[in-house]
Structures are given as C-alpha cells and as structure tokens.
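Below is one structure, written out as structure tokens, with a few remarks after it.
A, B, C and D label the chains in the order they appear, each numbered from 1.
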Amino acid sequence: VASLNGYRPSKLVRIGVVGLGYWGPNLVRVLHELECADVVAVCDLEGAALTKIGRRYPAIRRTSDFEELLRDGSVDALVIATPVGTHFELARAALEAGKHVFVEKPMAGSVAEAETLIAIAEDCGLTLMPGHTFLYSPPVNAVRDLIRSGELGEIYFISTSRVNLGLHQPDASVIWDLGPHDFSILHYWLDESPVQVSAVTRCCVMPGIPDVAFVNLEYAGGMIAHVELSWLAPSKLRRTAICGSRKMVVYDDTSNEPVRVFDSGVDLPDPADFGQYKLSYRTGGILSPAIPPVEPLSLELRDFCRALIDRVTPRSSSAVGLEVLAMLAAAAESAELGGQVVLTSASAS
Amino acid sequence: VASLNGYRPSKLVRIGVVGLGYWGPNLVRVLHELECADVVAVCDLEGAALTKIGRRYPAIRRTSDFEELLRDGSVDALVIATPVGTHFELARAALEAGKHVFVEKPMAGSVAEAETLIAIAEDCGLTLMPGHTFLYSPPVNAVRDLIRSGELGEIYFISTSRVNLGLHQPDASVIWDLGPHDFSILHYWLDESPVQVSAVTRCCVMPGIPDVAFVNLEYAGGMIAHVELSWLAPSKLRRTAICGSRKMVVYDDTSNEPVRVFDSGVDLPDPADFGQYKLSYRTGGILSPAIPPVEPLSLELRDFCRALIDRVTPRSSSAVGLEVLAMLAAAAESAELGGQVVLTSASAS
Amino acid sequence: VASLNGYRPSKLVRIGVVGLGYWGPNLVRVLHELECADVVAVCDLEGAALTKIGRRYPAIRRTSDFEELLRDGSVDALVIATPVGTHFELARAALEAGKHVFVEKPMAGSVAEAETLIAIAEDCGLTLMPGHTFLYSPPVNAVRDLIRSGELGEIYFISTSRVNLGLHQPDASVIWDLGPHDFSILHYWLDESPVQVSAVTRCCVMPGIPDVAFVNLEYAGGMIAHVELSWLAPSKLRRTAICGSRKMVVYDDTSNEPVRVFDSGVDLPDPADFGQYKLSYRTGGILSPAIPPVEPLSLELRDFCRALIDRVTPRSSSAVGLEVLAMLAAAAESAELGGQVVLTSASAS
Amino acid sequence: VASLNGYRPSKLVRIGVVGLGYWGPNLVRVLHELECADVVAVCDLEGAALTKIGRRYPAIRRTSDFEELLRDGSVDALVIATPVGTHFELARAALEAGKHVFVEKPMAGSVAEAETLIAIAEDCGLTLMPGHTFLYSPPVNAVRDLIRSGELGEIYFISTSRVNLGLHQPDASVIWDLGPHDFSILHYWLDESPVQVSAVTRCCVMPGIPDVAFVNLEYAGGMIAHVELSWLAPSKLRRTAICGSRKMVVYDDTSNEPVRVFDSGVDLPDPADFGQYKLSYRTGGILSPAIPPVEPLSLELRDFCRALIDRVTPRSSSAVGLEVLAMLAAAAESAELGGQVVLTSASAS
C-alpha cells in the first residue's frame, strides 16, 4: 500500500475508458484525479451515458465508436468496464491495436479466452491487467500481512459471506458476479489455488440465473474454505473469518473496524499426553488495528499506470486473473453437476 | 409453546437420571422443578459427580449401578445423558426393563441402532424420546410459525452458522456434536429431510476428529441450505438466515432480539416483461417480535412426561431423532468421501 | 418529506453561494442538481477554493468580491456558508441589497442579531432561512410523526449524545458548533422551548474553547432532556433515546436502522391499588420502520426555493432559528456560570 | 483481583445473613461457596423467604428474630441486605452487639447516619463494610489500572449511562438506587470526590419517586462527569466513556468486550504555533484486553472476611461508603432545588 501510495510516475498515461454503466464513471472519476493518468476519451453505446459524463468532464472526448479509440495513436491504454460477455473481444481488439489494457473482473468469459489474451499481450509486450480491486484494499492487505508474517500460525480454514439484496445480473450467475472478489482475495492471501471445488446453487428469482451459491474449496495443504455468495439476503453481510492455529481474524469490509485480531486458540497438549486430549482454550485480547483510509481503486489504477510505464507486473496480474477464472469455472461446473466435486488444474501439480 | 407451558399432569412420573457429566445436572435441576416429575434416583460411575449432586439434592437416591435402576419397579422412566457411544446400549436395556426413555441427542450412534430402539419401544408400548431441545425453543417456534403461516413466502434457502471456540469432543466429530441442533431445527421448520448432502471437513487440532464442517443440503422442492459447524472460531456465532420469497428472517440465539423479520425481497416483474428482467427490490421495515422467556429444557421434559402419561407422541419424537441421525450419517459419509454428494433415504421417495 | 420531494417550482431561483470552506461545496453540489435553482456565482476570499470549485463547475461565475454579488441584479438569493462570526454582517448586507437569504446555522451570533435580521427581512418582504438541515432528515421526521400521532404517549424525557473525535472549531465552543443540531431537532419534535437550561463544559484541548458539554433542559410540561456534545470521543456516537409513556424510540443517525420503536413501557396499576405500586413492565416487539433514502440537504434547499417563489414560510424558519439561538445562548451562559440554572425567555410565558 | 482471588484465610468467619429479598439469596449462595465463611443463620420477616432458602440450604438455621442473631455469641458477623431505610438501625444494633457488619449499599440513609456507624465501629474495633461490589469487578479494575498507570493521560471527562426498564423502588429515587454503582466506581477510579454536583430528575411513573436523573459532577482538578440513571429505557445500556488526553476507553458491563481501549486523541501543536490551532487527530488501533472471568461478589465477600480476620481495611471501606453517600445526598439535594449546583464537602478542602 505504502509504496503504491507514494508512487510518482515519470510520465503521463493517455487513457480511453470504454463502458460507462454502473462502474465506468467511478473509473473516470479516479483516473481524472490521478497525477499519472490523462483520460482523453470515453466510449459508450448509450448516448445518455456519454452526455452525463460530458456534463461532469467537458474536456474529455466522447465517442460511441470503439474503433475510433483503437485508431487513435495518442491513446496509450484502454480501461474496459463493459459487460463480462464483451471483455474478451474488446480486450483482444485493444491489444491487437497496440493498446495496454485494464479490464474489469472477471477478465474474460473462460479460462481459454483469458489464456488467449495473455498470449497476445505477451507477444506484443503490452500490459494486460484485470481489475481485482480488493488486492489494493488496506484491510485485505492487513490480513495478508498477518497471514504472511506467521502471526496467525497455520491457516486452518476460512469462512466468508458476501451477501446483499441485489443486484441480479441478467446474464451471469452470482458466482461470476461476486465470486471474483472472494476468489481473488483468497488467492492473494494464500498464494495458491484450491485443488478441488464444490458448489451448490439455486436460481431463486430468475430461471437459469443462480442467485445464491454455497461454495466449498479445498487446498493441497489441507486448508479449506467456504464462500457464501448471494443476491438475496435480509441484510448486507461481508464477513470473513480466518482461523489460524495461533490467532484468528474477522475481516468485515462494512465495519468501522474492518480487521479484528483475536488472540484466541487451542493450546495443544504435550505430545506425551496427547492421547488424553487435554486441550486448553485460550481467549486473549482482541485488537482492531488502525487501517489507513486509502481508496483501493486509486491504488489499483495507479498500479496499472506504473506497470506500463515501468514495465513491471502489476499486483493484480493477468496470472491472478487466470487463477480466479479457473476457480469460477470450477465452481460453476460443480453447480451444474449438482454439487459434485470438481478437480482444478492446481490439483494436477 | 403455550399448550406445553400450561400442561397440568394427572400424575407424577418417577424418574431416574443416568449420567451426571456436563448436561445431566441441568436435567436434574429442571426435572426437580417440574410439577409432573419426581427425580427418585441419579446414576453415574464417578463418585465425585454423585457427591456433588447429593449436596444440592440430598433427598435423591444416588447409585453407580445402572442395573439397580432397571430393577427398581418404582422408576417409571430413565433420562439418559451419557456419552453418545453408550446411548444405544443404555436405552435398549432401559426399554427392555420396561422403562420409558428420554435419551440425549443424537439418540444413537447410527440409523440402524435408532431403528432398533424404535422397534423395541413400539413393541413394548413405551415412550422413546430424543432430547432435541431446540424444538421447544421460543424463537425457533416463532420462526416455524412464520414459515408455516406463509408469511415468508416460498423458502428459497437457509444459511446457518454455529461456531464457537471449543469444546472439542474426544470421540466425535463436530458434525455429530453440533449437527443435531441445526438438523433438528431444519427438519422442524421444513417438515422434510434433504435428498442430498455434501460436507467438507477438516481435523485441525486432533487427528481423526473433524472440528470444522461446511455442510450443504438440498431438498426435493428446491430449497437449499448451508450449515457451518465449528469448535474453532474467533467468537461465538449462532446466526441463521432464512430467505423467503416474501420476507426474510435472521434467527440468532445469542441476541437480545433472537428473531428479526425483514420485510424485504424481490418483486417479480409482470410476466409479459419478464424477458427484460426489470426486477424491483423492496426494503421495508424490520420487526423483532417479543419472544416469551420460557426455558426450552423445561418444556421439553414436560413434553416427555405428558407423552408417557397421556400416551401421545412428543414433539421431539423418535421419528425426528431418526431423521436427524440419517442427516448426520449422510454428512459424515460425504466428509469421508472428500465432499462427494451423498443421497439420503429421503431421495428415494 | 413527501410534499417537498414532489415540489415542482414555477420558476428558477438564481443563487449566489458565499463561502466555499467545508460545507459550501456541498451546497453548490446540491443546488446544482436542483431543478428549481441556478447557481450563477460563488464567492470566497480564498483563491484556491474558487479554483477548485471552478474545475468542477466551469460554468459558474467566481468572485472574491462579496459586494459584486450584492450589486448583481440577476441574483435572487444568497446562500451563506461562512464562519459563524460573519453570518450577521453578510446576511444583513444581503437582505439590505434585496436578496433572499439562506444562512447556515446558527443564523447569527446572538439572539439580538437574529432579531435584527428577522426584522429587516420582514420589512423588505424577503425570505430569511437558517439551515437547520435535520428538520428535513427522514428519520427525524419519522420520530416527529411518532410523537405527534400520540403513538409514544406522553414524552417523559429525551437523552441524546452527539460526540465524535474532532473537528475543534478555533473560535466557537462545542455548544455553538454541535448544539444547533440537537436543539433544532428537539424544538421540531416538541414544538416548544425549554424553560430552563443548565450546562457543564470543559475546555480540554484549547484554552477558552469548550470541547465537551453536558446540557440539561427542562420544559414547562415536565419533559426533561439531556444533550451531550463533544469533539472528544472514543468513537462516533449519535444516539437519541425518546422515552414515552406508551412506547420508546432510539434514533441513531449513523445506523442502518436509524429509527427503532420499542413497544415497551410501564403499565400503571389500577388507581385503587396505586398505593401498593404494583407496576407491570411491558417488553414488546421492536420495529425498525423503513426510512426513505432522501438527502435532507436537497429537501432543505428546495424548501428555500419554494419559500421565496411561493412566498411561504419554510419549515426551517427564522423563528426556529431564533429559538435555537436562545437555547444556545442559555446553555453557554450556564456553562460560564459554572453550571447554574438559566431561565429562558420561554419561562416567562 | 489477583491477591483477593488467591487469599487463603487462617480461620472461618461465622456469618448471619439478614434480609432474603432480591439480593440476599445471592449473598447466601456466594458465602456458602467461600472457604473462609460459614453461613450459620439467615433472618427474614417473611416466612416464605425463609422456607425457600431452607429448601436450598437445609443446614442453615432460619429465624425471623433479628435479636436472636444479636444474642448468638457464635455469630462473628452480620451481612445485611434489607431495604435501605433499615440499614442504619440494623447495622448499629449489630455493631453494638459486637458483630462485624457488611451492609449493602448505600450503607445508610444519610451522611450523618454513616458517620455514626463509622464512629461506633471504630470505637468497638469492628469491621464495617458497605457492599460496593463494582470495586471488585474485573473490568472496573482494568480501567482503574489504565487510569492509574497514566496510559490514558490526563482524564478529561467521563460520561456514563446506567439505564434499563425497571425496577422502580417504592421508597427511593433512582439516584439512591443506581447512583451508588457509578459514584463508587468514579471514586475508585479517580480517588477523589466531586466539588460540585447538579442533577435534573423527573418522576415519570410514580409521584414523588424520581425515575430518571441526569447528574453532572465537577472535580477540583477540572475533570467533569455526567451520570445518566434511569428505570425507564428502551433497552438496557451500561456504557461508560472515559476520555483521556492520550487514550480513551469504553467500559460496557453488558458486552462480551467490557473494556475497549481506543488509541485515539488530539495531538497538540507546538506551543509556538499554538495560536494557529493546527490540531492533529490521531485514530489508532482499538484493543479489547482479556478480562478474567471472576465473580465480583465472591471477591467482595472474601475481602470482608479478610478484613475482619487480618484486621485490615477492605477495599470497599466505610470511608468509601461515606463519600458515596455524600455524592448521593448532593445529587438528591440539587434535584430538589430544581437542578441548582450543590457544593460538596470535598469543595471545602
């Protein structure tokens, strides 16, 4: 966090933003405030969306013609925030036109598509970055530091809920809509992917569109995780419990105290007495560390600029995006198979 | 609740309590205060447990000889609160000695054992009742009334967490220890059993003893449920979300407001417009109904007395106990199979 | 709320905004989105503040010369959001120049100043409106409706806390900074002013600037209130308890459930048995009504426009502003007298 | 806490308990479990209360004749838990009969009565101890340690609420009923008494019996405090905020985390720049220390035994009881004077 926050670029990246629906205007707003970026154009098929952004930022060029952006030699990079189904085609076209690409999550509609994009970007020497914003969230990074430092001990299991009332996506399951958040966070924390995945879902409101999912993940080292995702819930809940052998953590993005460290656990008996199972439970203090109030989206877009200026791999790399897609695909496949366990490619290694 | 609370028995049931470990003294305390019961004897192998209960209730006969209770013709019924592994043998012996039996949950170690007990009880015309106390809990009954009345609409899914730090059982998985609570509640609310079950578990602290379980349940009508059980948790959590098509409920046994009814949901579009998926989200008021402060254990034991006096089936019937055992067995089997989906007997019908 | 929300003006009010410190930009933002207002100019002494607003709203004229606004015949009204010490002079000059005036709270530095402003506005037939935004807050109005409808019964007492860490004002006590919120709310709910006031304060951080205040209010009808105000607090707290003879309410501006109605109280005994004081406590359900998500500032500024277009008295009238000033002055006087009780003008009637 | 917890007495104190209303049975229960005490007799005017305690503790002698206890030479000490109005007469009689006395709070009905009791006890060389249980509460002691160690810096102010629905006392105001808790805690934390007190009260339900009180306290060193007491409240609230110059604490007796330490505050500017008031707000981490789960009542009664065995002054000394009475009397006097400031005897020094 600190290093990105203090990043001072050597030059300005000229950016076009594609897609001005729910999320696109946020990208424009944050890019507009970045000292390393210059939003030169925005693109959307809806005239109303263009008009609205024009009122706020009259100096930005507006177009409904994506091709125009591709042809514009003054544009260094495209930021794509269109519906998921269009990510692959737009990102490919942009890369092939020589533009660096930031594409919202999930970065493509399948693992194969993502692999194609990655290959093109590598061939052309261009940055391809999926928008896994939580990798730049201060509390997510605080938890990662706790895990990596060993303070939590061995991670036994993680249980997480991301539920709220709405918004149903018309063309994607809740797994594809909300799963990228938790899957990218889990990958960031653990630095590995699950070897097997199972998921039970239900299409409660719209036929064919699962709006609740219970996903179980198993990792090679024994770690297990449960991810609950839903567009139907009595109240917003974003709660993740991380149980370690030494300490435990609750991460809640909606709380004033987003990270709480519980100095609690089970103290193991002397091996000699182990057979008698005299466990001792330790309930110590609880600490809510101060978390710096930095906007993750700003750090993320700064990382994109840095990646293409300094030719380095961004934290939210295309490799991370690929892993997340593999997890999404496995969960969706399991759901379609009625909850059967699906092995992932990580299980092959 | 009301009817049991007001129950006035026609006679007194003479009871022996077997097992004075963690739970047994509670049973003695509550039975002691019931107007329909007379605790005539207590039995435990540990002299210290007998001595301790003797200080509180000097008038109750104490013995370490279970056989003595069986031979005592003045004892009408035995209340068994011993370790799970002994439930079957003790309950069978008691029934065969002509005693009515109340046995703590789970009522036996397997479905087959439970079926044997049920058959003996039927043959002898005796009451056999497992101790599923939550069926007598006022908030659990309040939720059941909301479901049964149709106020919640169709039940889409239920998600529940029952986690706390400890207490590890030396000889049983967390599924067998905590699962009976949630499985009996789900059966009581829905009046049906799941057709398939899958579970992922991990033995974090003690080899061979799962202490965390993520259990998924699927029902014939489409309802799905997730049950998280754990002896490892940063803090005690007992939260159940019930999502219905009309309203939603959060039931939290540890809260001052154990039942909260959310007048929230998704209003479906006109069928003609359905293709456009214009969903409308409704977020209305939230009601915490007043819940009568009645002790469930007292109602439960009163129901046991009533069952054998009036020769009626108790709410926590042996049939319920059997269904719970089938769910426990299916979850444990799935866990051993690495999370594979296990069909239950309910799936055959 | 409903009527203001639906208000459609017959003409456009041309407005100048004076003061672009912490609050002014919010006023510009909201006025900019109102269909009844046209922000034609902004004024501030700081060039940086003008530059910043210019980037957001390039079409708005910018000036550091207040006199220029007064001379501009095309300006109908001035919205004043400068430091409290300047309210009186700027508002007087504006009124005398024939402009309608909206002035942030408190509307002047003393009761006498406020009376002067009110007299000028009346003489000139101009609208003078203080910015008591909470009078337009949906939860505040929901509580008012509960009080006015009699649903709460007689109001026994009100206890409120408005505390947070910061922001110390360099030239005003916490009473003058935070008091206007609670005093205006109390007046709006009760439609009367206290007859006596006492306050204990302390200057913890800056000499001469009280940053914590405990204020007690007593009303003619017996109602009493406590108002805790502080810039020093471990965590933000905005909690108001309203105890009525029939029901009680907790209003918390920071909560997802800002209004909670407790169907609790003491049921009085039969008068004949009164001497025996057999009180019966009733603890019923708790209801969190749905509160419409409307921005109070938008309603407030719309009310200002309506007031001067339709020549009606706005809800946050100058008379209300005067009452609030009287309460502030009484509290400050009591604090200076070491907590002695101060009678207000309301006590004379 | 630690030293009392580990106290091992050299002999057994033979105790009679007087008054078996709401609190008395708790005293009997805890004394019964103490290794340093022997409850030899209980006394109450109500036969039903005696019968009930007899069922639980058949070995304890029961009497309705207080004089009998006074004459019984085998009784070392009396524990008095009768209505406040009787404390003085019973305690005096007990002391004059040569018995050590533990008397519930407040220790008498007035400062003069308390002084009389103290004088008698001193003359006779007997222990006189009021039952200020909170002085033995682990979280109260944790806060005291934080204050005394200087970790909180200078204590700026304390704000506390102790409200709940009920129980109205038929013959005492809420100040006399609930005030002893907070006043004894404040004295224990600060080791000084306020120099002036003001209080506003209302008799909402019963004529002549104040059931809500807003009490302000001012200390010689500048510390101020607010104490809200009420038998009328939407929900139970026991929250105390302690604002120090370096850190702040929230103490909540009803919470799982009864003490929370906020590393927050205002960092003062360099004196040279002071005129510019560039304050800097610090919001650091929050720590909930582990608090040992010890029953305060057990520690308190053990301290009573220790005091009379070892001839030492108990923590809840008669001097503390006297200070609390002086605060109660001042608050009640202020309330009767309509909230006027009342100077205490501490103001004379």
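The definition used in the following text is that contacts are C-beta pairs under 8 Å (C-beta built on N, C-alpha and C of every residue); 3 or more make two chains touch, one makes a residue touch a chain.
The model shown is predicted, which means the values in this text are computed figures rather than measured ones.
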Repeat of the A-B interface, chosen from B-C, C-D or B-D (over half of contact pairs identical by residue number): C-D
Which of A-C and A-D has more C-beta pairs touching across its chains: A-D
Centre-of-Cα separation between chain D and chain C, whole angstrom: 40
Gap in Å, rounded to a whole number, between the CA centres of chain D and chain A: 54
Inter-centroid spacing, chain C versus chain A (mean Cα positions, whole Å): 42
For chain C, residues that touch 2 or more chains besides their own: 235, 283
Chain C to chain D touching residues, read off their complex: 156-157, 159, 161, 163, 165-168, 170, 196, 198, 200-202, 204-206, 212, 214, 216, 218, 222-224, 226, 228, 230, 232-235, 241, 243, 245, 248-250, 260, 262, 264-266, 268, 277, 279, 281, 283, 338-341
In the complex with chain B, residue positions of chain D that touch it: 58, 235, 256
Chain A - residues contacting chain D, complex: 257, 263, 283-290
